Each structure stands twice: as C-alpha cells, then as structure tokens.
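Two complexes are shown next, each including subunit A; its partner changes from subunit B in the first to subunit C in the second.
Right, the complex of A and B next:
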C-alpha cells in the first residue's frame, strides 16, 4: 500500500524498472494514461499537452500562462490516479507534482551515459554523436522545465528517497531494492495520508478549474475546506471568487470555500 | 566477500550508518581512526592529514605539495587495508579513488536537510536562514574540493551504486537495504577484481615512494609491471628516468618499471622567456 514515483531520463531503463516493480507488488503502473485523461477531461489536444509539459520554458526562463494551466490539468489527472493508492508512476516530475502528498516513495533511476547512448543508437538507428547530442538536449530540456516550475534540478539526489544506478546493479536488482523500500513503514498510506490525498486532490481540481482564467492563484484544502489565495486588486479577487464558486459547485467533497487576497502566495499551496 | 564504501553529506550521520552496516555484516570498519598511523608513517602532522580530507579556503601553511602527499599517504593506507576484504570504509574519501573494482559497493547517505540546517544553527549559534546559507556554501565547497583534488564530483549520483536519503527512510532501514544489496553476486570478490585492487595498491605505494623526490608522477600497475608517467626538460630526461627506475625497482612487488617522460613545455617556455 504505497505510492511510488519513478523519475528517469530517456533510455535510463526507468520504464522497465517501473513496470517490473508494479507487476511484482501488484500495483497499477501509470505514465501516458495521465496525459490521455488530462487531454480528455480538459478537452486539450494530446500533442499540445505533451509539448507544454515536455518543452523547456521560453528564453526568459518563464512558463507562459497556457503552459502553467496545462501543468495544472496534468497534475489534477495524476492526483486522481494516485488517490486510488498502490500506484507506480513513471514519467514527468512525479516527485514534484505530488509534493503535497506525504509518504510518497520518490525514486530516481539513472544509467551511465554510454549505456544510454548505445540504447538510443540501437533504437533510433543513428550515429553515436547524434544519439549523444539528442540525449544531452533532452536532459537539458528536463532540467530547464523542472527549474522553471519548481526551482529544482532533477539531477539533485536530495529530491528523492532513493537513487538507483542501473549499471552494475541490474534492472532486477533495482526492482528488488525499490519493492523492498515500498514496504518500509514511512511509505505505508494510512487513514491520515488518505485524508491528505483527498484534500490535495480537491485543491488540484479547483486549481485546474481556475488555471484557464487566472494565474497567480494558490489553492489548498483542509478537511474539505478549500482556501484560495489570489494576488491582485479587489476586482480581480472578486472575479477569482466568482469562478472558484462555479468550479466548486461541480466538485464533490467540498465543505466550504474561502477566497483571500494576498501579497504573496503561501508556500504550501498548489 | 565485498567492500562497502560509504560517503555522506553529514559526517556524523554517515558514520553512524557505516558503524551499523559494519555490525550487521560482521565486516571491519575502516575510518579516520587510521589517520594517526598515516601521520606517523608519512611524517606529516595528523591535523594536516585531516585537513587534506576537508575543503579549506585557506592555503596558508598548507601548500598543494603537502596536501597531495597527505592524500597519497591516506590512499596508500586505505588500499592496503582494503586488500583484507570484508571492509566498510567511511570518511576517507575512498569513493573518489577506489575506482574500477567490481566487488566494491558505493553508497551515499543523505541526511535530512532540515535536520542539517538545525544542527548547523546550533553548532554555529546562528539563525535558521543564516544556517541554511552556510550549509549551501559548505556543500558547494565540498563539491569543489572533490573536483579539485580527484577530478570527480562527489555529489553526482552516478559516482555511486545507490543514494539513500534519510528524510523519510530510517537509518535502520537504510542499513538493511545496504546489507541486502552487498549480498548480490555482482559485489562478490573475484580473482580479477582482487587483482585490480592489488594493482591499485601497488601503484599508490610506488607513487608514494616517488613523491619523496618527484611530485608530478602518475603511476599505474599491472601485476608486477609498473608504468610511470612524468614530465621533464629534455636535458633532465635521462637522469630522471634512471632515478625513477631505481626508486620504483626497490619497492616490494615490482619486477619491471617502464617510464614515459613527456616534455615539460611550460618549464621549457619559462626558461626560454
């Protein structure tokens, strides 16, 4: 009974590890499904969503409002999946998108650059030079994306509970290590964690509902009581309040809704 | 049998984990307790030996030549002990110089960041924000040190087989994971991996002997054959080669010495100018 996020670079064998961990523990393994769900639920073409959550931000290092909205949709879809518990998610920034949920086992699977280059050459039938350059470009996009959104570098080990280097350790060794870690006490989801997940789900849902019209909005939920924080003048806050009420009416599990005007968004909001 | 090398971003936390791993596996613990012995064998004061393992901003009273000799002495002592096998090594930077030996498991332990900040605040008697800044500075200095001295970034996870963060994982659980991992076949010693370690031990022993006279030597060993690479001016080449051959030839375990001398273009240019 745990939620595992596996972060990986391309050709790092992370996908294989994730699938094997899920199969060994009898968990659901998700990755692209989240994208498809978000695309269907929020009526966004899949390719547009893929580009928004894959491509690095603009030259000024900032995410456009549209990109931020797409990330909110994606996070909302992801949280709906992990609320079910017993999930292995491998893909984009799971450890950061789910940072509001406690007890998530955050894993990064890494591989040697030379091994990755060989795998890409074999699959794409390209030269060593081209494969290396594509991998470096991809890693850099990932780094910029994560940095712009969360101010973090995905290569930083302190973001994870476990970093497994698949080189001397085989894929099966990595699966064994991760499966064993998932059984550790801190990663068991009890009732309290379940409650926090539900609250996080509500906050993400409301944020996704607001994301299309407003940026500079933060949302959190405590026992079904949703708090929305908005930056801007009174007129802007009124508009946020009106829209938030409309969105909340369509959601189940909401006890109360408050909208507050703030100078600076609190740190613990979605 | 195996060797476990542990590194950590917080000395005390890593030491506790290393001690527990040693107790759980029944392996011997190799730590900074050997530095006294290294100091007397190398005739370098123990505080300087210890200083060589830590990033320092001041080079006053601690020239690079002394630091290099101190580090080579530590490496020599560590390598000699690692030959005994069944070892847990901590706090001697072994993860940065014991390379290419298959029965060595390399682990990095990360302490909970908030805990480190609070420990730093108490230790230095400063506020939390100041402690956070100091910690960031200290981490950057450690990274620079590992790159300067060994050309490797010790914060890079690809230097290790596994990195475990103690933010959520309990130290006991981390110990269990390490004990489990070291039992994998991949980390059992084989004739070839033992030979690799012996070669490394011999090369550092030869380097140490040569460092008494020449600081700019790079030594590799294969069995009883030793290859020494160095720099010299054209006129010094013959004499330096003979000296190196004579010095290295006296070391136990060496039967053949090959010396490669490349021209020292910087000294040559300096002399011409």
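Right, the complex of A and C next:
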C-alpha cells in the first residue's frame, strides 16, 4: 500500500536494495520499463530519451525545450506506473518527478566511495584512478541534472524521508529498514491520496501532450478539473488552449479544462 | 496678417503641453483639463472669470442634465428591458445579430454615453458568439463602431456635439438644433453597418476561427451558455466522521461549486463565507454551480440535494439577492488586479462566481486571474451589497442591481419628462441646457430618482474635462492664436473650394481625435476652423459641424473608450483596428461631407 522511490548513485547497491524491498513486500519493481514505455508511447527513440534524461543540461545550465519535453514524457510514463500503487521505483529523480504525490516514501541509498570504486573496477576491469574519475563525473552529471530541473542537489538529505548508508549496514539491513518504514501510516494510500494520484496523473498526461509544442506551461488538476497556466500573450494562450482541448479529449477522467494566462507560473504545477 | 505675439506663443506652448499630456497620459485627461483651468489665468492668458466660465457653460449643464435623464431611464429598467427582445429579434444569423444589436446600441448611444451602451450588450454578445459559433471578433467591432457612430445622431449623443453650440457662441453664430445632425448621423451609422455587412470578410479579422470549428460537445468545452444555478444542499449527520476536514475552498476547487451561504450551528447563517470556512456535519449550504458539477459533488461527498431552497428561502427570493454581470471598464482601477487582491468577499460580502473573457469562461481559481478591460465578472450577492459595489464605479454593471429600488412603475414619468425636454427643444426652441435640465428636474420631482441619486449619477470626470478645456479654447480665440494659425495654414494651402476645405478639416479632426481626446480636439479645432472658414469665405458653422462630427471618427486606434473596452474580449490587435478603422474612417469622411453638401448645399 505504498510507493517507494529509491534514489541512488551508480554502484551504490541501490538497485539490489530496491529489488529486494519489492520482493519482500510483494511490490512491483520498476526502472528501465518506464523508459521503454515512454519511448513507445511518445514515439521517441529510447537512446534519445536516455540521453535527454541522463545527460546534464548544456553549458548555460538550461534545459532545452526538447529535453523538457522528454522529461515530461518520462514523468507521464512513470506516473502511470505508480498510480497502480505498491511500486518500488529505482532510478533517476523519482522523488522529484513524483513530488505531487503525498504518500511516496523517498529513500536515498548511498555507499562508501571506496566500495563503489572497487565495484566498478571489478565490473569494468579498469584502473582505480579511471574508476574513481568515472564515478565522480557521473555524480556531477546527475547533480547538474537535478539542479537544472528542480534547483535541488541530490546529495541534500532533506529531500528524502530516509537516507541509508550501505556500509556498516548491509543490504539486508537496508531492506528491512525501508520495508518497515513503508508500512507506516504516512505512506498508506487513502481515498484522498488516491484522488491526488489520479489528478497528478492527469496533469502529467496533459503536460506531456503539450510538451512538444509549448514550453512555459504549467498544469495542475484537482478532482479532474484541469487548470493549465500559460505564459505569453492572448494569441499564444489561445493556441495552448486549442491544443490542450485536443489532448484532453483523448484522456479519460477529465471533468473540466481551463487555460489561464499568467505572468509567472505558480509553484505547485507540473 | 497679425504678427506673432508673445501671448500667442504662450498659448501655443500651453496647447503643446496639453496635447503632450493627453498622449503620454502621465495624468488622467480630466486632470490635464483642470491644469489648464488653473494655469491659463495664472499666465494672464484668460481672466479668472473666463477660466471658470466652462463650469456654467451650456455644454456642462446639458451634459449634467443628459446624465441625470439617462440615469432616470436606467432606474425604471427601460433600457435593460430592451436587451432580451432585441436578442430574440437578432436570432442566430451573423448579419441579423450585427444589424439588430448595432442599431439598438447606436440608438441608445445617441442619448446616453457611448461606453454605457457598449458595455450593456457585451455579455449578451459573448453568449451569442458562443452559442452560434460566430467568432466574437466578427461581432464586437461592428457593434462597437455603431456605438461610436450612434453618438452623432443627436446633438446630445457625444461630448463634442454637446460642446459645439458653446464654442460657436463667441462668434455670434446660430446654434444647432437637437436633431439637426440626425440625418447625417443616420447616414453614418447606415454606411458603417453596410461596410461591415458587405466588406466584413475583408476588413474584420478572421482569427479565432478555431473556436468556430470546435463542434464537439465534450465535457471539457467551456460554454458560456452553460450558466450555473442556485441549489440548497445539506451535509449528512456523520459528514465529518472518517473524513478529512472539507473547506468551502475545497468544494470550489474540486467541483467548481461556489458556496454562497452556509449555516452554522445552532442557527446562524453566514453569507458569502470565506474559503477557509469548514463544512461541518448536518449543515445547510446554498451553492451556485452547473448542474453536472453539483450532482458530482453531491454524489462524491454524499450530500443531500434539495428540490428547492428551504432554509435559505428568504435569501434566494428575487428581491433579496441575485447574480449580476459586471464589466471591467477602460481606466478602471481594477485592471491588472486579481479578485483575491480586490477582495470582494470581505469588502462587499459578495461572491465572484466566474470571469468571462472573450469566448472563454473561467471558473477555476478565478481569484488569481488578473482582470483585463472587457472582462465580465459574474458576481452573486444581496442586492444591497451589490449596490454598494456598483456605487464604487470600478465595474460597469450590465444588469440593474437595485431591483427593490428599481421603479418600473415610473417608466411613464421618465418617458413623459424626456418627451417634455425634447418638445421644449424642438417646438418651443428653448435652449438645450434649459430644456434638458427641466426634464432632469421633472424626473426628480416625480420621484423617478431622488436628488441624491441624481447627484451621484453625474460623472465628474466628464464635467471637468469639458469645463477645464473651454478656457483653452477661449485663450486660443482671444489672443488671436486661432486666427493666426488659420491664416498661416490658408496661406500655405492657397485658395480652395469650400468642399475641399471641409474635407481637410474633417481629416485634421480625425487625426486630432485619435491622439488627444475628442473633447480636446473639439475645443482646440473649432475656433481654428471657424477662423479658417471665415477667411476662405466658407460657412463657418459647417466647418464647426465637421469638427463636432469628425471627432467621433475614432476607429483607427483603440484609443476611444468603446474600442478599448471591446479590444480585450474581441482579441483585437491594434492592426485590426487600423485595417477596419481605415476603411470606416474614409467612408465616414466621404459620407459626412456628402451629407453636409446634400443638406446644407455647401
């Protein structure tokens, strides 16, 4: 009865922890499937999607319109999975992509740098120096990515409900702690939470539908009443409105749709 | 020709300052007029008496009287009652809608302020557009232009014409009668309408066709015609058990349902509750919303929908409360502010329900939408509260709010005194200001409206704009500046035919009225053109008449108040006004000169 996101660096045993938590709780464990789904649904080559989602933004620190669209597709696919509930997601920025859903247990699994270096050396058969440099580069890329998209540093522990350092604690210890936490009251899915998840799903779906034609739009939904915020003049807003209606017609669960022109997008939108 | 004196230079500088301030609008136009009223006597360009002579001018008294008569007619609900039948006649064909509404609006604006006539029909036109799928941009411009053109149908239709006789007085010229301009005005309205009917395809923007294409009736289409209704519902006894607290705001956001009133145990009633009011068990709510939204809420929240209001029976009676549409006027202090900032709920205890903008209805989170000119806000509240809001004058109400104070039984008196005023002018040839004031007084005496209501209805901005600019006209004339400019221009253009001179004056007035207000243009130009006409041996009265009429030729830029009002809802750009406005402006000048030649044989 919960959604667990596990954020991890490479070689920090996060994947192993996620899989074991899922099997212990009888949940579905997802990661790569989301990418495949998004690529299939929105007809984007998987490689392109992977690069948009994993690579750090350009030198100016800004996400290109294309990248933003890919993130929207990815989030849309992810939300469709977690709406089913009882899911463990491990991979990039799940805790940030799902921030509109209240009952997500956000976990970060970290490992000792030396352990990670050793693991990488063993698997890739490279020197210690090379392995360390690769890991540092990888960590930096991810830091830039989350920073550009959410202004957050993945190392900031306040983004998570739980940070587990797998070093003295074993993988099994971590699994036990996380499974125990997942069954606590704040992470149970009640009626209100279910509604919120559905609404978040609608908002993400509409946003994904708009993403390839427009940036600078924000979407939110409450009980199926979708509200799209668009920046720009009245003619631009009218174009957004037309497209939004087209997209919404193909969606189920939409009760009402409005498009408002705003100077600045509100904070609580997708 | 007289040499240029230092006084003339001073007057020209003052004119320059006035024109500059009119264009940049650092201060409001009426403040510019008051500035002139004070500065001119200080500079010894007019005597102190002349500086304030505008206050006692016939024009100002006439305008006060016209406004009071208009308010009287309004009080009896006569004008508002026109809206329904006219819409029925209009039907759904585009030409018929345009013709029927345009003629009505033109008729109304021939005896009251153009902007009022234009605002009156705005929400109705928006609904017609949505239900007939005729893009709003194709309806509003013809109707707005007709409101402006309608002002030329009588001598009291617009400020420049009201002023005209006063400006002729110093020259000892014969004043114009109330209906002297009517044939010209009718021809102007007819030709304007004909242009739109025949050339509409070419001169009106074809945009927002997408809204016309949308034919599917899926639930997400916002339709203006789908107005809400008022229902009473009750929460179950165990409503708050096993349920997170539900606030009034939650109902609004989740179901787009507005709570107008709620009971509070033991037996209090809270009208227009604030968003953070909790909805408790076993309470009654008076709500406003679309039927499907209400049904959804009742189902999900397990509430009970009543067939008719019981607890709130008294509050929902027609005389007690209701919903009105109020339009955001040009120059309203509310432009750019959100309803949350304006805080109607706390200040007036009324509930805003929806915002209509262009062809869209906004219901969700309307508190955060910055208001724009031409937005219509649907507001529910007790009539008395709505009246207080109306008196604030930041919104133009399109439905009369003072139902209990509405005096339909006085309609006959209102009509009688209007007839008295008109016959005094027409048959007994009594001066305009005296006749109109008689009509206004008659309405007060027969209690169509009381004297306080009469005072309150007067728009002081218009009064001071008129009165303040008159001394500028006097100074221009007295110092010989007008004569000097007139002679200089005539020397440059040489000897011309009267008809050519009148055309030049028409074009000049059109340009002036586009950049400075129509009143400003009239006051500055009339002394000038009278001098020019005398020097060129043309009838000076006709020259003045051309100015009075052509200052309504304000179509090429959205500077006229009516154009400013319709610009937002019609989603017009300035270029749309230039395109259609250019055609209408040229036709205006041709028809005006043609009619003057035909009637007065210039």
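Quick note on the criterion: the second predicted complex is superposed on the first by the 270 of 270 C-alpha atoms of A that agree within 3 Å, B and C clash if a C-alpha of one lies under 4 Å from a C-alpha of the other, contacts with A are read in each partner's own complex, and residues count from 1 in each chain.
Convention: a residue touches a chain if its C-beta (ideal position, glycine included) is under 8 Å from a C-beta of that chain, and two chains touch if they have at least 3 such contacts.
Note that the coordinates shown come from a computational prediction; the quantities given were computed from them, not determined experimentally.
With the two structures aligned on subunit A, subunit B fits next to subunit C without clashing. Of the two partner chains, subunit C is the only one touched by A:248; subunit B is not.
In the superposition on chain A, contact of A:136 is made with neither subunit B nor subunit C.
Of the two partner chains placed by superposition, A:36 touches none, neither subunit B nor subunit C.
When the two structures are aligned on the shared chain, A:187 is found in touch with subunit B, with no touch to subunit C. Within the superposed three-chain model, A:158 lies in touch with subunit B and out of touch with subunit C [touch as defined at top].
Across the superposed structures, the minimum distance from subunit B to subunit C, using CA atoms, reads 17 Å. Subunit A uses no single residue to touch subunit B in one structure and subunit C in the other. Touching subunit B in their complex are the following residues of subunit A: 103, 105, 108, 110, 112, 155, 157-158, 160-165, 167-170, 173, 176-177, 180-181, 184-187.
Considering their complex, residues 207-208, 210, 214, 216, 218-222, 244, 253-256, 293, 296, 300, 358, 360, 362-365, 368-370, 568, 571 of subunit C touch subunit A.
Within the complex, the subunit A residues that touch subunit C are 192, 222-223, 225-227, 234-235, 238, 241-242, 245, 248-249, 254-260, 262-263, 266. Chain contact summary for the complex, subunit B toward subunit A: residues 102, 108, 110, 113, 155-158, 160-165, 167-170, 173, 176-177, 180-181, 184, 186-187.
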